[in-house]
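Sharing a structure below in structure tokens format, with a few things to ask.
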């Protein structure tokens, strides 16, 4: 697949070659993200970071990734501070905003909105999340994290054994990740969800058609045996018809250290797309795992910066110039090491 | 007129020489805005982009213009996130904020507020819109667009034939544009408004005293014959006493392709200060015109970046240094051409 | 004290040596803040400017300070645009956000929240205000202002005579300033508060244990005799149980020119942490003092930029490299002189 000048709207655009190219570039971004070196390859370029729905993590991650390449960021947050509320169409918004920047990241609460916006945009658009639909950079950073976590063990995505647990009905991160896994070979997938929050049938079909082994579980404990990765999700409460509907699922699937010790292999890696819901009644991933070296959730978000830098570099066609004129970082960074996995 | 270190608060400050100087500098900004070259002439300078009223378009346009000159942008959005809500005077706000940046753009919902702020500011202030009063950079970009659209036809602002249609009572963009036109020679102006939304008498007086020909129309169709430009405005619903008052005007004046074909000359240029209200019941400028090469509305917003770059460059006295050490853009920009007028 | 890589959470961390080091670096920042020179010493560094409570002044001041050192700023404003509202713990927020930037400034409405955040952060954190608790950079800039205002008179912080007036119960700025004064010698302090808004006993104890002279007043007029500095605070209305409780104190202590002339020495310097409440019924510091050359309130906020630049430079260990490769400012700055004290 070709990245140059392309919109990134969906994981469906990716093939295996594209993913491998992306990951190879992401690897090369590490010295910059981890503050060993700085590059100014995008000095003078402008990112339009257009968030029409609240998001701290994703917005700041994209913005930092662009800054780390030397570019500037102009930002919008929240629907109400936008002309959309004066009856402006997405077409008009896109025509106008695409005159202001070199590339746009857009988040919007409605499914399909970012694709509609991209159609009218004169610059490349990255989908930063369009409601219940897609959030491709999340799925890509998840997959990249799986690859990196397993690399030290001589294992890879081909042949992966993974459990995906929690709200598999509404979790867009999970849906996209499973679609990406379908591009690889011989993956064994445990899907563990409370009854009623099962993965959609089309996702199951995609996985089985790809020749993967899928097993369904309605209990957390039985679903997480014999896997390399357990990927936990929170209940997407905001997608339920009523809060009461959501409340019925609160706290049903909770991974903590004792459940982990009892059911997982000693090195099973724990992932989560974050935020995790740490309120007592929810708590799908307990804080008593925070010292577990296999908890990879903060390495995941760190990897998000690498993936987003790689997307920018590939789309704007500077991936091979990033290292030109790179300079060492000259300020204090001793603590600014990524959260390292101790073995 | 002199730009260096001056506040830009009103179109009343401009004379013809000043406008021509501004447009000449704006022309020279095109290679930077259209991503052929980058300049760092304002590297190290800071814009305080102070928006105490929501605005995506104007805020981002000013911010990008400053970034394109190499400067940094610090931003404030929305009244409630400001000390103004703790009873702080505009005087204090201005004294404080003007210690933080080299230049300030300010939008505020109250007429006269930006001028009051400027009195206390220690750095130049550009009015980014003070409620119903003024928004000078909009009028300047509109006039600049008229000049550029007509240039290819050997016509100019002197001798212009223009129709201004829609809500001429509350539209500040229109008021300011008409004031600027009064500085030129022999302009013929059709003012077409639904009864009750007519242009204020003082604007009419200014135009006729300048020797221009003004004709009044209460129908859209008759108002747009024999003109070089038709400038459409939306009903400024937020300025009406009640929504019911505004609703009476919804949809009365609608320019679409068939109205255009029937009444306009084949090359009449269509302008609009945006946002246009695309809700079915409003729709003062129909989407069926989007493929019409004479629709200049997105060229207008593109021109806004040039005008704002030129204002910054002139006020901060770097207009003649912009090209020093300019560098070519080295990232992907193939799609980043301005919306071109096909003839 | 050592600054490199350290969190700045409380004035309690500071000793006299640390303060003097900070002030010496702040002095060296003046040419950059006052736009005589630019430095790019932090080019490529990123500040995470995380404001989970509204603040224009402090947020923009920190952001500009970082820009003035050449760094980039990624920003968050307001609680609701944060994952905190999805039940995310401060621990998680800190682990994630600290992967995005080189240093973080955080404001949060809850006392202790920033310290909790810092515990989990992988990069240095500066407390930008944690509710009623601490706002150390404000106290440091206040102390720095005292030093600079008195320097021209051959007086210093040792031997200082200061009146602190207004709401001494809830004003965190005052509490922190008084703690810092306790580090110096032979300070004479008048505390003047309306009955019920007196300074907390532990602050009094700290001052008397440091050997300082403290006198208590329940009237403004008697409290401001024979002092070098009168430090005025607004009633912290948002910290009162009800608005009625706050209203009882409105307008009780009002410093204006005639009160000043009658009670202060001719050169008594007037300070205020801002914002001052200029509504008629509050008005603790009258606008008729705005032309008084001893009104130092805007010099205070200007000094805030110097102190914040110095904090960044010291924490990130670039204080001695700031002047390397400094360049002159080449744009218009004639008006951009700091608000000068005329004598």
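Letters are used for the chains, namely A, B and C, taken in the order the chains are written, and counting of residues starts over at 1 for each.
As a working rule, contacts are C-beta pairs under 8 Å (C-beta built on N, C-alpha and C of every residue); 3 or more make two chains touch, one makes a residue touch a chain.
Everything numeric here is computed off the predicted structure, so don't read it as measured data.
Look at the contact of chain A with chain C and you find different residues on each copy: under half of the numbers used there are shared. Superposing the C-alpha atoms of chain B onto chain C requires a rotation of 120 degrees, rounded to the nearest 5. Averaged C-alpha coordinates give centres for chain A and chain C that are 39 Å from one another.
For chain A, residues touching at least two other chains, in rising order: 72, 75, 77.
Within the complex formed with chain C, the chain B residues making contact are 4-5, 41-46, 48, 72, 74-77, 80-83, 85-89, 91-93, 95-97, 99-102, 122-124, 315-318, 321. The part of chain A that touches chain C in the complex is made up of residues 35, 38-40, 54-57, 59-61, 63-64, 67-68, 70, 72-73, 75, 77-78, 234, 274-279, 282, 287, 290, 297-298, 301-302, 305, 327, 329-339.
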